[in-house]
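Got a structure here, written out as structure tokens. Questions coming.
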Amino acid sequence: MIITLREKSSQQQVDHLTAWLKGQGIGVHLSKGEFQTIIGLIGDTTRLDTKCLEGLEIVERVIRITEPFKSANRKFHPLDTVVDAGGAKTGGGHFALIAGPCSVESPGQIFEVARRVKAGGATMLRGGAFKPRTSPYDFQGLRKEGIDLLVQAKRETGLPVVTEIMSANHLDLFGEVDVIQVGARNMQNFDLLRELGRSRKPILIKRGLANTIKELLMSAEYVMAGGNANVILCERGIRTFESYTRNTLDISAIPVIRELSHLPVVVDPSHACGVAKYVKALSMGAAAAGADGLMIEVHGNPADALCDGPQSLTPDQFDDLAGQVRRIREVAAP
Amino acid sequence: MIITLREKSSQQQVDHLTAWLKGQGIGVHLSKGEFQTIIGLIGDTTRLDTKCLEGLEIVERVIRITEPFKSANRKFHPLDTVVDAGGAKTGGGHFALIAGPCSVESPGQIFEVARRVKAGGATMLRGGAFKPRTSPYDFQGLRKEGIDLLVQAKRETGLPVVTEIMSANHLDLFGEVDVIQVGARNMQNFDLLRELGRSRKPILIKRGLANTIKELLMSAEYVMAGGNANVILCERGIRTFESYTRNTLDISAIPVIRELSHLPVVVDPSHACGVAKYVKALSMGAAAAGADGLMIEVHGNPADALCDGPQSLTPDQFDDLAGQVRRIREVAAP
Amino acid sequence: MIITLREKSSQQQVDHLTAWLKGQGIGVHLSKGEFQTIIGLIGDTTRLDTKCLEGLEIVERVIRITEPFKSANRKFHPLDTVVDAGGAKTGGGHFALIAGPCSVESPGQIFEVARRVKAGGATMLRGGAFKPRTSPYDFQGLRKEGIDLLVQAKRETGLPVVTEIMSANHLDLFGEVDVIQVGARNMQNFDLLRELGRSRKPILIKRGLANTIKELLMSAEYVMAGGNANVILCERGIRTFESYTRNTLDISAIPVIRELSHLPVVVDPSHACGVAKYVKALSMGAAAAGADGLMIEVHGNPADALCDGPQSLTPDQFDDLAGQVRRIREVAAP
Amino acid sequence: MIITLREKSSQQQVDHLTAWLKGQGIGVHLSKGEFQTIIGLIGDTTRLDTKCLEGLEIVERVIRITEPFKSANRKFHPLDTVVDAGGAKTGGGHFALIAGPCSVESPGQIFEVARRVKAGGATMLRGGAFKPRTSPYDFQGLRKEGIDLLVQAKRETGLPVVTEIMSANHLDLFGEVDVIQVGARNMQNFDLLRELGRSRKPILIKRGLANTIKELLMSAEYVMAGGNANVILCERGIRTFESYTRNTLDISAIPVIRELSHLPVVVDPSHACGVAKYVKALSMGAAAAGADGLMIEVHGNPADALCDGPQSLTPDQFDDLAGQVRRIREVAAP
């Protein structure tokens, strides 16, 4: 970490700061330029609070040379992490194909979709039981009943299940869930992340709509700091000014995360674009760019469903997508 | 609400939809244009899920004529809501001047700031006990101890206190807190909002860094739907590409919220810009634009503090700001 | 187009508006709902100015059912447009591989890169002669001399050349240039676009850093309205809050543009991410998602160059990228 | 300027860089830390191209300590610049109240508005003759005829006039125009800015919809580098995700620009929000925050006009606004 000081810093202020830094166990290397005094910090600076330092009158700016994330940092863990969820592996060459409806609606609906996506090559089943909705008047999901249905579908098909949690208070309902999803709106719900760090279940963290990759990795760090290394990152689109798509899939996040971190990164093109007809092209693009998996919304009968998003594929469309993705990976897999 | 249908919609699909809508107790008015069939919905459509409808194959788009928020909507509640927090009123002509440090650090620190801001004209004391930090390694606040110190400062000065909650599990610690703050990162933590709807304490909701005013009002709706009408909205800056300020204060949110809702809107210029030297100008601007209050970060000795933001004012700077804001309000108050 | 009127509109105002619309040759279909009066417009509404209509006191909102672009609209031109630039075709199954340095620096530099990228499979040579720079003190390009060098490189290698124009006053210098590029910062320089509509040369329009796809298509419309149908659209990344990449490649723009328009869409991953090590992954992703071409920055010796972007590939890296892209297209090409 | 080098930089590469820097007349101060080598640059680094340096393999990052703008920088010109346009002063305590219609439509319209806004206290008249429109099919303005009408209105009322230029080729039409406006979409039309630097007329530069304050100052630098110091900066709102307002007025730009630059900064609340009913509150806010002026859209009869924006005030509303702004400035003027 480098701290550049303002021209008018008094010697006393500089001593005050360097003394405090040494007190934090940080090595200090002072370099007085003609116009600029720079402090080089040596040692583990991840625990230093950049905002605190920038708050000091004498500090002009603070530049981190090393990233603030440690457990998620590939520098300290060169090999890809492989997350095993009920037998389904993600990362390190294992491709996750997670498919299912936006919301669990009924036994018939979820069982049929489960059978179809398994036949199409899905490695995991997704389905929403707790639904984060902007409006308190919108359908909030079947909650406990939805999780029970997912677990039954898992027993019938053998597909491990992924579903979203909205409060640590519901954790006991997730006993038979294989991957616990943290939604985009809760990406910085730090108390929830801390609780999930106490669990040993795989946690899939979705990137927030206006969060940076660094912030996503820091949220993973919250879970990992608690001792849970089974984290899957999910790029699901960010907010931009484009309106033909609901959000904008940040495909660059794939190579960036693969370089910075050893954690697997999967892509959710369905929520990223919000329009079924674009999901296939984005899935092929994500696979070619090196994603460790895809999360695809599939519904038995989108046209009839009165509560599924416009981004759902039919099982037939999913079969087609899965085949194309396989062909892409044969030539592109890293 | 207006639904425009795609050209190729079959009569059967249209009947299926209109029947379903009537089943929801909605009046339906069909208008077949030469190129376009439009369905006008009559009645309470706030409970309809726009996303669901857009999911239908035959639906081209759904346009809401009335806003999706009801309890927070000025249309159904023309008079300004006045929130009373331990005697300090906000809204309806009552101006809230909330001041205090970013974090509660020690008895000496909080008591001195409390005395100084009260002398300067503050109507409430703010201070962070639970701190939402991007990094799990950063200082997380004094938590329970911090709340105890705030409450003592309240007893000493008589200033009602405002502090942030990060999890519904901590609610019992907030018994003597006068205003519970929901931070920007938790603005869409719907489970937390729902829990706070069961409380009767005033809730101050900060706008998320990339959330719209409509989303902020929908979050207020979550609290109000639970029966708690004591909601204060807080504009604290949104993410933009500008980098000289940490965020961009959306001053337009003041007249927009005052028109759409009866709830008071206060402005936090300290976090919006993140730079102490700009706080006074933004405070004057917000007061002139019609804000119902300000939330200002004040620290006894910013230069010495090793854990406060660069946006803190000294008590003397706060006195100056408070005086200017009073003068502005004398000529500008709505 | 649909116009929804405010509740309190007087009959006289409505008559005034409908009369004016009919005067514009638009068919009008009035539908009075219980709470809402809606005007359905029939005919060619592309010439209507939405902003004007929204300016009327009685108008609540204006909703376009048909897109405002005509010449660029696939609805009126179902077949892919194939742009022929000096023999190099783009669109309709023809893949453009445009490569070369950010700036033309010297004969040696440009000739060597030209030979190398041609050997690697490039179909066109790119190189900047007029450089749009944020600072008036930065290198502005070799200007006329740069274009002369490009043209010589074209004669030596047979590769058609692409270079950027910054002012219509320079048009006479572009006589032997095969594709004239409009840079992101000039995407809405409408006078320049209008001038280029008078030319018959292929025009490559780069999407602005914060422009929507619709705005990009409207800029193409400016050129086409002048009679020049040879337009290539280029997605080169948009501004977001992500900082690991210079901009964010909007890969969704590929399927969206392919659906809305018949014009070819190429992708510039080099400027989109601004980091050489991510260019290959993004190129593979763009090819898999259906792009009609790529624009890649290649420099003979990036490490030595003192004026090329950090996003330049070496010729060897370009060869590798080109091979991978070919393999992707064999399985993915639409 | 500070350059931090990558760990693996070879001595030869470092020598190559330092030699090149010295060749540019820059003093070099090398500081080798335990993990990090830092180069401190001494002298005039404004002419160095940050992007070039970041392009070097051995460079990790480049940090500017001094801003890249010189002529616009308050550091080198502490006193406020006062721009005199036909007798109307802006800056240094002189408040500009620029008012008029979005577009010049007819003699009757512009003469009446001119008389009314002058009576209301306007110091300059605005009106669009060349209109930048997203669509080639929208009304493009009266062009030369519009400028002639403005000049006649100036003769009748004595109000200096402000109008937008879209191409340097039209400069000869602006002989009697007092302030030439560069619109948001042309803020980075560097060729146009360079041409305007050759003029001696006051230039009002509007901030681009997604441009930073630094980029706005760099555009001013283009004009000033040509020898024209008569530059007025205009904040007119930036693109955000908020949709109740067309753009988001960045009120923080006022104190930020006043600190960084000596140039006057005016605010255009009409285009920033795009809604007449919010213009008054934003104008009062901007005046209280220290703006050097306001640019307000006023139309004789907005309800009747079939081509003016929804943001226009009536002359009566303008009178009211002007009075409130005067009262605010009496207590708030810096």
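Just so it is clear, A, B, C and D label the chains in written order, and each chain counts residues from 1 on its own.
Just so we're on the same page, a residue touches a chain if its C-beta (ideal position, glycine included) is under 8 Å from a C-beta of that chain, and two chains touch if they have at least 3 such contacts.
The structure displayed is predicted, hence computed values, not measured ones.
The chains that touch both chain A and chain B are C, D.
Among the remaining chains, D is positioned farthest from chain A, on the basis of C-alpha centroids. With centres defined as mean CA coordinates, chain D is found 40 Å away from chain A.
Averaged C-alpha coordinates put the centre of chain B at 32 Å from the centre of chain D. Contact with two or more other chains is made by residues 210, 239, 241 of chain A.
Within the complex, the chain B residues that touch chain D are 210-214, 238, 240-245, 248-256, 259-260, 272-273, 277-278, 281-282, 284-290, 324, 327-328, 330-332. Within the complex formed with chain D, the chain C residues making contact are 13, 20, 46-47, 49, 51-52, 54-58, 68, 132-139, 166-169, 185-186, 188-192, 194, 209-210, 215, 218, 221-222, 225, 239, 302-303, 305-310, 312. Only residues 2, 4, 27, 29, 31, 33-36, 38, 40, 42, 60-61, 63, 65, 210, 239, 241 of chain B touch chain C when the two sit together in their complex.
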